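See below for the structure under consideration.
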Amino acid sequence: MTKIVNDNQNKESSRVELFSDGVFAIAITLLVLELIQILHPESESKLLTTFLNHWQSFLAFFIGFTTILVCWINHHVAFESIHRVDTKFLWVNGFLLFIVTLTPFSTAVMAEYLQKESTIAVAIFGFNYILISFAANGICSYAYSHHLIQEEERVNYNSYRLIYRYAIYYTILAFFICFISTWISICLYLLLFALFAAPKELAIRLEKIRMKKKFKSTRKETEQERDSTNT
Amino acid sequence: MTKIVNDNQNKESSRVELFSDGVFAIAITLLVLELIQILHPESESKLLTTFLNHWQSFLAFFIGFTTILVCWINHHVAFESIHRVDTKFLWVNGFLLFIVTLTPFSTAVMAEYLQKESTIAVAIFGFNYILISFAANGICSYAYSHHLIQEEERVNYNSYRLIYRYAIYYTILAFFICFISTWISICLYLLLFALFAAPKELAIRLEKIRMKKKFKSTRKETEQERDSTNT
Amino acid sequence: MTKIVNDNQNKESSRVELFSDGVFAIAITLLVLELIQILHPESESKLLTTFLNHWQSFLAFFIGFTTILVCWINHHVAFESIHRVDTKFLWVNGFLLFIVTLTPFSTAVMAEYLQKESTIAVAIFGFNYILISFAANGICSYAYSHHLIQEEERVNYNSYRLIYRYAIYYTILAFFICFISTWISICLYLLLFALFAAPKELAIRLEKIRMKKKFKSTRKETEQERDSTNT
Amino acid sequence: MTKIVNDNQNKESSRVELFSDGVFAIAITLLVLELIQILHPESESKLLTTFLNHWQSFLAFFIGFTTILVCWINHHVAFESIHRVDTKFLWVNGFLLFIVTLTPFSTAVMAEYLQKESTIAVAIFGFNYILISFAANGICSYAYSHHLIQEEERVNYNSYRLIYRYAIYYTILAFFICFISTWISICLYLLLFALFAAPKELAIRLEKIRMKKKFKSTRKETEQERDSTNT
């Protein structure tokens, strides 16, 4: 009996992955439509000139693609240990998909307005990132607190929740920095990509740092205790 | 032998889910193309002005996304206990997919005509909802009456059928109200979202209400009986 | 050992289904883009007038959707008993997917040219059908002759091959009839939909007719024999 | 315990396939949008004239479709024996998906510029091929050297790595030849399709050639040895 329930639960959670994967795959591929757009102007300019004039479109395509791929990798890692879902979780996941679906729009904004109104264009993309990090944090926190994950994964999941909470602060900071300098802001986003390119490894590294700190502080305490007993 | 048949049946029904999920995922993601459209006018207006002038596009995107997500969640819940399919069921499901595929069109109508011809625009979207509720009711009724579901799920399924039948009346009512006031109609649709956001929970609540009524009426009857025996 | 091979084979064939389902789902959903197109003209006509002026777009959308859905149902039935694939089969299936991918184009041709150049528009759609029936026949014949199907399904598969061979003759006939009358041709296509809406049931019915014929002819032969022995 | 880990690993690697299949399926189907484009010009030319004037669009559609299908078949063969994935591999695979997503763009370039600036158009498509072969080689090399494949498949995988390394040299050569003659270059790409249409069979054939060479050289050596001992 329990077996059947488990199978059903796996079926359920795998269908959520299926649907999410579909949305990720389509959103990432639709980006190319914006790129194809640059080929249809009535102007009679040469192909390579057209390319050079639209370098922002290529940059936007690259950033948009990397954004959605990083999202998918993080989604993939988060769902690895989720083994059942409930209705509220479908809505938390639905919110993430909503933002992923919006990403081609933010990318198009960047492609068309990066030269004309760079601050606003980067700010809109940055706002997109804030929402993504909220959604990622939402998924991990909800799965953790509602026991949708395997019990043996709870410790790792705690680290995931932590890195996504830090991501919220980070993206909010980068959002406000873009009003000072768009290029610093873009560099911060590239660093964000690099960090979240491997969420598992990031979580492990963070855990080690925290352990070391804890270890140091406990050692300090013991030393202080020893010192106090010595004196 | 029976095992093999069962496996094949599961394979069959899971392929229907796969295809349906694909259609849902694409329809929900294509909505963004309509939103990107607002970025390409020849007019030289500022980005934020463009956004403000096209607030209906954002509203339509949000409503369209929520509509398809609610549909998918209900489809997901309905398919959880379906364990085999037949050819006619493929067509009943195909009708639902037809309406889902049409939804980006209704959304585009709303985005472009909500200001110019609000009544007609909302009426078209409302007609879309009537068709969706018919299709949802069709799927549940067919699966129930042709025993495509697990036997232990028949009681729950009966409640699903009931809520989708009520949904038909509801959406027809909301459709006609839009000719009186589009805003009341839109509010009714938002309430509909809220109700069908969690179809399982809705079915359980409805079942409880019906049980209580039954219980009350039977108690009344016993009381009346007792009264009559007392007198 | 054999178990592992079987599992791998199932994985292989299910990935082909996955990819094919993706292509079917996208092709069927892209049709709506052509429909959305009618909303963007610069003309200031009313919404309902726009709809009436583009009735061919709606008809084309309906026919295109039904075509791809019928294709998918037939693909679904054919793949139910395929349990392994080889490289050549991937190409036979790839040819079907090529035609499915082309179908939104034929649909768009019909939507835009049904009034202006009806004969050519229907002929192009008809040519699409001929290719589809060739591809369907190719898949069934290849799977049958290269033993990609379960042994117990060979009899049923033989019927499938037969109905798709008849479909080739039928679509070629309908193609040439469209040069005499486009409306007769369209009616023939609608009849084709009705026939192939349930390929399994069609194959069974055809098998029964053939059995009856065989039975009659054998009875006739026995009667003739009896007659000859009697005289 | 080990069983659970294995199941999880399979789930992981199958989700990568799922996502990749989605991207392949969408990229291959989006090609048709470029083809539909040719139907919307304001010019009042006849349908067949429109077709003849845009023969490059049909050629580009055919080449684009075949390119992505060949990619998918090779991806399919490579993933058959991959049974676990790690984070870096997700990025190697992500690079391939990036190129696949770009392919509809290269195809659109070819469709629009094959007549006007044929050399540049073919060069861009050829550059796309170089990147694809680098990505394919990357996937196979990484999976081989990081033991993501089943142990019994290592010999076959070695051949795959080899054919993709040769593919890199081949596509670089074809790229430079296109500056001499675009048609020779296109023929070379068609030959490339034919070779990689069946990667498994190609690898086996290559392996045989290498074995024969080895056998010959060892026989020669033994003969020389014998000769030297004889003299």
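Order of writing sets the chain letters: A, B, C and D. Residues in each chain are counted from 1.
The rule is simple: contacts are C-beta pairs under 8 Å (C-beta built on N, C-alpha and C of every residue); 3 or more make two chains touch, one makes a residue touch a chain.
Note that the coordinates shown come from a computational prediction; the quantities given were computed from them, not determined experimentally.
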Same vs different contact residues, chain B with chain C, by half of numbers used: different
Taking each chain's C-alpha mean as its centre, the one farthest from chain A: C
Distance from the mean Cα position of chain D to that of chain B, given in whole angstrom: 42
Inter-chain centre distance, chain C versus chain D - centres from mean C-alpha coordinates, in Å: 30
Junction residues of chain C - those touching two or more other chains: 18, 21-22, 25-26, 30, 33
Interface residues, chain A side, partner chain D - complex: 14, 17-18, 21-22, 24-26, 28-33, 35-36, 39-40, 46-48, 65, 69, 72-73, 76-77, 79-80, 197-201
Partner chain A, residues of chain D touching it in the complex: 8, 11-12, 15-16, 18-19, 21-23, 25-27, 30, 33-34, 37, 87-88, 90-91, 94, 97-98, 101-102, 104-105, 108-109, 112-113, 116-117, 120-121, 124
